[in-house]
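Structures for review follow.
Both of the next two complexes hold subunit A, though its partner changes from subunit B to subunit C.
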Partner chain A sequence: MLGRLTEGLSARTLILLTLLLAVLLAAPFFASDYLLTVLILILYFAYVGQAWNIMMGFAGHLSLGHALYVGLGAYTAAALYVHYGIGPWIGLLVAIPIAALAGAFIGYLAFRFKVGGVYFAILTIAFAEFARVGFDHLAWTKGSSGLFLPVAQYSKNDLWHLRGQPVMFYYVLLVAVVAAFIGCRALLQSRIGYFWLAIREDEEAARSAGIDTFRYKMIAVVISAAMTSFAGVIYAFYYNNLFPEQVFHISRSIEIILGPIVGGVGTLFGPILGAFVLTGLAESLTEGLHAIGIDIPGAKQVFYGICLLFVIMALPDGVWPWVKRRLGLSERAP
Partner chain B sequence: MPFDIYLNVAVGGILTGLVYGLMALGLSVIFGVVRVVNFAHGEMMTVAMYIAVTLFSAFHLDPLVMLVPIAAVLGVFGYALQAGLINPFITRPEHSQFLLLVAVAIILVNVLLIVFGPDAKNVQVSYAYDSFQIGPLIVDATKAYAALAALVVAAALFCFFQYTTLGTAIRACADNYTGALVVGLDVKHLYALTFALGSACVGAAGVMLALIVDVTPSLGPAYTLLAFIIVITGGLGSMPGALLGGVMIGLTEALAGLLFTPSAKSMFSFAILVLVLLFRPQGILGKKVA
Partner chain C sequence: MTNKTPRNKAGVSRRTVTAGLGALGLTAGLAPFNIARAAGPLKVGVLLPRSGYQAGIGQDCQRGVDIAAGILKDLGYPELEIVNADTETNVDVARSRAEKLIGEGAQLLVGAFDSGQSSAIAQVAEQKGIPFVINIAAAPPITEQGYKFVFRNFPTAGMILRDAFVDQKEVFELTGASPKTAVFMHVNDTFGTAMAGGIGAVMPKFNMPYKILETIPYDPAARDLSVELAKAKATGAEILLMVSRLNDAILLTREMVKQRWTPTSVMSMGPGWYEDQYLKTLGKLSDGPISYVPWYDPNKKLSKTLETALAKSSPGVNLNTNHVYTFEALLVAADAYKRAGSTDPKALADAIRKTDIKDNSSIGPGISFDAKGQNDKIVGGAIQNRDGKLVTVAPKSAANAKPEWPLKPYNQRS
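Our next item is the complex of A and B:
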C-alpha cells in the first residue's frame, strides 16, 4: 500500500513532503490562537481547491459555482442537526448524495447539450445564484435570517458532534487535505485520470479515440461536488451560522477557485500552495496595513487585487510549477 | 389587480430592460471580437455611475448631458485596459483571463469603496418625478429618457460596425484572427478599440442607470452577472440579441417583482438563463457555432 503510494516519487520529494506534513502536524502546539484560525482557513481552501481542481484542472471544465456544493453540504448537515439533533457525520452521509445529485443534474444538462467553456461556467454561476435566492425563501432553513447552530463553551472536543475548539477542526481538515491529495493523485494515475486529461486537452480527439466523454465528465463533476460538500459540513460546524447571502454568494465561488489558479491549475500541489499564498497574503496585508496605521475599508482588497494581477502576469501557469523548478523537483531540466 | 398596473409595470420593465440591454451590448461586443469575457463589466459600470453622481452633486451637471463625455472616459479606460493588461492574455486559457479580470474587478470595487464610502448615493434631477401619460399608461420620464438614449447609442454602434471602414476591420478580426493579421490589420489596436467601444457602452448605460437606481460600490458583481444572463439569453456576440435579452430580463424582473416577491425576481432571470442554455445554447438570436 505504502509502496504504491510513494511510487514514482523521488527521494527529495518524499523528504520534503514528510517535512511539510510534520510541520503541519506539529503546528497547533506552537501556533497562537490567531495563527491557528489562519491555518484552518488555509486548510479549508486547500481542500475545496483540490475538489474544484478535479473539474477544471483534470477534466477541463471551468466551474464558477462551487459555492453551491459547499452551501448544500453546509445547509443539509446544519439543518439535520438543528431540527433532529442528527450529528454531522451522519449528516454528511445525506449531504454527499445531495451535492452529488446537484452536480450530476448540472453536469447532465450541460454535457447532454454540449454546453462547454464560458457557457458552462455561467451555467454553474446560475445554479449557485438560483440556490442563493431559493434558500433566502426557504423557511425550513430559516431563509435570509440565517440558520444558527447552538454554541457553548467546550471544555473537551466532541469529535462525533464536531463541537469543540478550533484545534479539532484543524486536525479534521488536515486529514481531509491529506486524503484529498492522496485520492486525487490516485485518480490522476488511474484510467479515469488519463481519460480526463485527454478530454481536457482535446475533447473531440478523446471522443474519436473511443472515450465516453459524457460519462467521464459526469464522474468528474459528481466526485468534485461530493468532495466539496464535506467542506460545507465543516464550514457549518466551524462557523455555527449560515446565511444564503454569504454561503452561496458568487464571491465564495471565486474565493474557492483563486487558490488553485494561483497555485497552478491541474497540478496536485497547486491548490495547497495557492491556499497558503493567498490566505497568507490576505492576512499579512491585514497585519501590515494595521501596523503602518492604514485603516481604510477596502485598502487591503486593493493591494490584494494588485498582487493577484502581478501573480497572474508573471506566473501564468501558477506558482507551483515555478516553485517546483526552484526546489529541483521537476522531472525535466529547468 | 387591474390590468393597468400590469401594463405600467411591464412598460417600466421594458424601458429599464433597454438600459440593461445597452450594458450587455458592451459585454457582447467585447466577447464577440476579443473573445474575452469581461468579468469586471458591472464594476466598470459602477465607476461610470459614480462619475455621473459626483458630477451632478458637485457641479449640477445633468447625467443625460454628461452621457457622451462619461462614455468617452470609460472608453479611454477600456482602451488602456485592453492594450496594457488583456492583450498579452488573449491566447491564454480562460481561467487565466478570468483571474486577470477578477483582479481588476476587486481593485475597482475597493477603490470606489475607499473614495466614496459604502453609503448609497443617487442623482436627484429636477425631472425625477415627471411622467408622461399616454391613455391609461403612466411612464416615468427618467426611464423613458434613459431607454431612448440607450436605443440611440445602440443604433450608433450598429451603424459604426456596419458602415464604417474601421467597423468592418473590427468585424474582420472577429471573423478570422489569422486572416486579419495576413491582410495587415493592426489586430491589437483594433482589439483595444473594441474594448474601448464596449466600455463606452457600459459607461453610457451606467450614467442612465444612475438616474434609476441608487449607487453603492458593491453593485458591480450583481450587474456583471446580469450582463452575462442577458447576453447569453440574447446570444453572445449578437448586437440585437443583447437588446432583446435586456428587454426580456427587464420585463421578467418587473413582472416577477409584481406577481411574487421582489426579492425573488432574479430567480426568474436565472431560470430563463438555464432554459436558454439548455435548449438554445447559442442564445435566442445567436448564430450556431460548431
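Our next item is the complex of A and C:
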C-alpha cells in the first residue's frame, strides 16, 4: 500500500515531504496563537482547494459554486448538533450524502444536457445562490438570523464533539489535508484518474476511446462535493456561527479556487502551496503595511491583487511547477 | 560563471524578495512572543470592517473612533492606546485579527459592527479572557452563550423591533394620527428578510392601528422599482412601511415623485432613509420620512459634544448610530479602565460588569450590563428628516422636535 503510494517519488521528494509533515506536526508547539489561527486557515484552504481540484484540475470542469457544499456540510452538521445533540462525526455521515446528492443533481443536469465550460460554471454559481436564498428563509436553520452553536471556555479538547481549542482543529485539518492528498494521489494513479485526465484533455477523444465520460464526470463531482462538505463541518464547529450570506456567498467560492489556481491547477501540491502562498501573502502584506504606517482601508487588497497579478503573469501554470523545477524534484513527483 | 540569481539594477534578486517576504511572515507570526504586557495606557484593539462590502459602514464607525481620544480626555478618562484592525468583512479575518491584536498586547477589544464577525471575535476573547465590547451587532445569541468577557452596548434584534412599534404608537399619539392601512416593502436580502420575519412575528403583540395590506419584497440591487412602487400605490394604503438600503430608498422616493404618490407617512425600520447620502441626493424631497432605529438622545450633553467633534473632524457628516455606538464602546472601555485602575483583563471585565454610566449619548437611562453582558436598557428612537437634518421625534424623553404628519405632498415642495 505504502509502496504504491510512494511509487514514482524520488528520494528527495520523499525527504522533503517528510520534512514538511514534521514541521507541520510540530508547528503548534512553537507557533503563537495568531500564527496557529493563520495555519488553520491555510490548512482549511488547502483541503477545500484539493477537493475543488478534483473537479477542475482532474476532470476539467470549472465550479464557481463550491461554497454550496461547504454550506450544506456546515448547516447539516450544525443543525443536527443544535436541535438533536448529534455530534459532528455522526452529522458528517448525513452531511456527506446530502452534499454528494446536491453535486450529483447539478452534475446530472449539466452533463446530461451537455452544459460545459463557462455555462457549467454559471450553473454552479446559480445553485450556490439558490441555497443562499433558500437558507435565508429556512426557519429550522434560523434563516438569515444565523445559526449559533453553543460555546464555552474549553480547558480540554473533546474530539468526538469537536469542542475545544484551536490546536485540536489544527490537527484535525492537518489529518484531513494529508488524507486528501493521499486520496487524490491514489485516485490519480487509478483508472478513474487516467479517465479524468483524458476527459480534461479532450472529452470527445475520451468518448471515442470508449470512456463513459458522463459516468466519470459524475464520479468527480460527487467525490468533490462530498470531500468539500467535510470542510463545512469543520467550519461550523470552528466558528460556531453560520449565516447564509457569509457561508454561501460567491466570494467564499472564489476563495476556495484561488489557492489551487495560484498553486497549480491539476497538481497535487498546487492547492497546498497555493494556500500557503495566498494566506502567507495576505498576512505579510497586512504586517508590512502596518510596519510602514499605512492604514488605508483597502490598500492591502490592492497590493494583494497586484501580487496575484504578477504571480499569474510570471507563473501561468502556477507556483508549484516552478518550485518543483527549482527543487529538482522528479518529473513524476506530485 | 553563471549568475543563478539574476539581480536587477537595484541589486534586488527574486531570491531576496522571497527571503524578505518569508522573514516578514515569520516576524509577523512570532512577534507576539516578544511583546510583554507593559504598564501604561490601556491598549484597545478596534476591529471594524473597513474594506469589503461593509466598508462604508465600517469606515463610518471609524469616525466614532477618531473623535474618541479628545472627548474622553476632556471627560477626565485615562488615555487609551487604540490599535485599529480591518476585518475585511470576513469572519476568518475577524478571528485572526483578534488573535493578532491580543498577541500584540491588546487588553480589550472593541467591534465589529456585524453579528458573524462579532461572534467569531467573541470566541477568541472568551478563550483568552480578554474583554470584548461590541459596538454594533444585533443577533441575540451572542449574549446568550454564557460568555464572561463579552459585553454588548447595542439593542438586540428583538429590542429594535419592540422599540420601533412602541415609538410608532407614540408618534401616532402625538400627531393624533390613526392610519388603518399600510403597505410593506422590504429588500429581499438577509437583513430585509430577517426584519420582515421579525415584523410579522412581533407586530401582532403590539395591537397596531393599521393592518398590512400587502408585502412587496424586492431586490436591493434593482435599477428600477417602478413596478414595485406602482403595486404599492395600487393597494391604496395610507402609510408605506419600509425596510430598505440606501440606493433603493433613493430610487423609491424618486418613483413616488414620478408616480405622484405621497403616502401619509413613510415609516422606515432600517437604514437608507436617514443617511447623509439620501439627504444630500434628494434635497427637499428627502424631508418627511420617519426612521425607527437605534439612535442617540440629542438632548444629552455628550451627544452635543459628539456632534461638535464630528462636525470638526468630518464636516457635513450628521452624527449617527455608527459613530455614537462605536464611541460608547470606547467610553465603556475607558470608564472600566479608570475604575479598575489596572490593565489586567480580568479586573477590566469585572469593572465593565459594574458599569453605570449615566452621562452617555444613546437613548435610555445610561450604560449598564445585565448578567449576560447585554445593555438591556437601551431604547430605540424615531427620527425624522427635516431640512437636510435629522430630528428625534420619539420617545418623548429624547425628542427634540414634534413629528410632522402627514408627509408633505412631493409636488408641493420647491
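Descriptive notes on the structure:
By our rule, the second predicted complex is superposed on the first by the 330 of 334 C-alpha atoms of A that agree within 3 Å, B and C clash if a C-alpha of one lies under 4 Å from a C-alpha of the other, contacts with A are read in each partner's own complex, and residues count from 1 in each chain.
Here, a residue touches a chain if its C-beta (ideal position, glycine included) is under 8 Å from a C-beta of that chain, and two chains touch if they have at least 3 such contacts.
Computed from a prediction, not measured in an experiment: that's the story for all the values here.
Taken together through their common subunit A, the two structures put subunit B and subunit C in a clash. Within the superposed three-chain model, A:284 lies in touch with subunit C and out of touch with subunit B [touch as defined at top]. Contact with subunit B, but none with subunit C, is seen for A:119 once the two complexes are overlaid on the shared chain.
Contacts of A:309 after superposition: subunit B is touched, whereas subunit C is not reached. Of the two partner chains, subunit C is the only one touched by A:165; subunit B is not.
Using the contact criterion defined above for the overlaid structures, shared-chain residue A:146 touches subunit C, although it does not reach subunit B. Legend: residue contacts after superposition of the two complexes on their common chain; A:258 is shown touching subunit B, with no touch to subunit C. Of the two partner chains, subunit B and subunit C are each touched by A:298.
Once the two complexes are laid over each other on the shared chain, residue contacts for A:239 go to subunit C alone; subunit B is not touched. Touch criterion met: A:34 reaches subunit C, while subunit B stays clear of it. Clashing C-alpha atoms with subunit B after superposition occur in a single stretch of subunit C, namely 223-231 (options considered: 223-231, 313-321, 349-357 or 403-411). Shared contact residues of subunit A, touching subunit B in one structure and subunit C in the other: 133, 136-137, 144, 297-298, 301.
Subunit A meets subunit B in the complex at residues 56, 62, 64, 109-110, 113-115, 117-119, 121-123, 125-127, 129-130, 133-134, 136-137, 144, 250-251, 254, 257-258, 261-262, 265, 296-299, 301-302, 304-306, 308-309, 312-313, 316. For subunit C in complex with subunit A, the touching residues are 21, 24-25, 27-33, 50-51, 55, 58-59, 84, 86, 88, 91-92, 95-96, 99-100, 102-103, 115-116, 119-120, 123, 126-128, 139, 141-142, 144-146, 148, 157, 188-191, 193-194, 197. Residues of subunit A that touch subunit C in their complex: 31-38, 41, 133, 136-137, 143-146, 148, 150-154, 165, 239-241, 243-246, 280-281, 283-284, 286-288, 295, 297-298, 300-301. Residue ranges on subunit B touching subunit A, taken from their complex, read 31, 37, 85, 88, 92-96, 98-100, 102-107, 109-114, 118, 217, 221, 225, 228-229, 232, 236, 261, 263-264, 266-267, 270-271, 273-274, 277-279, 281.
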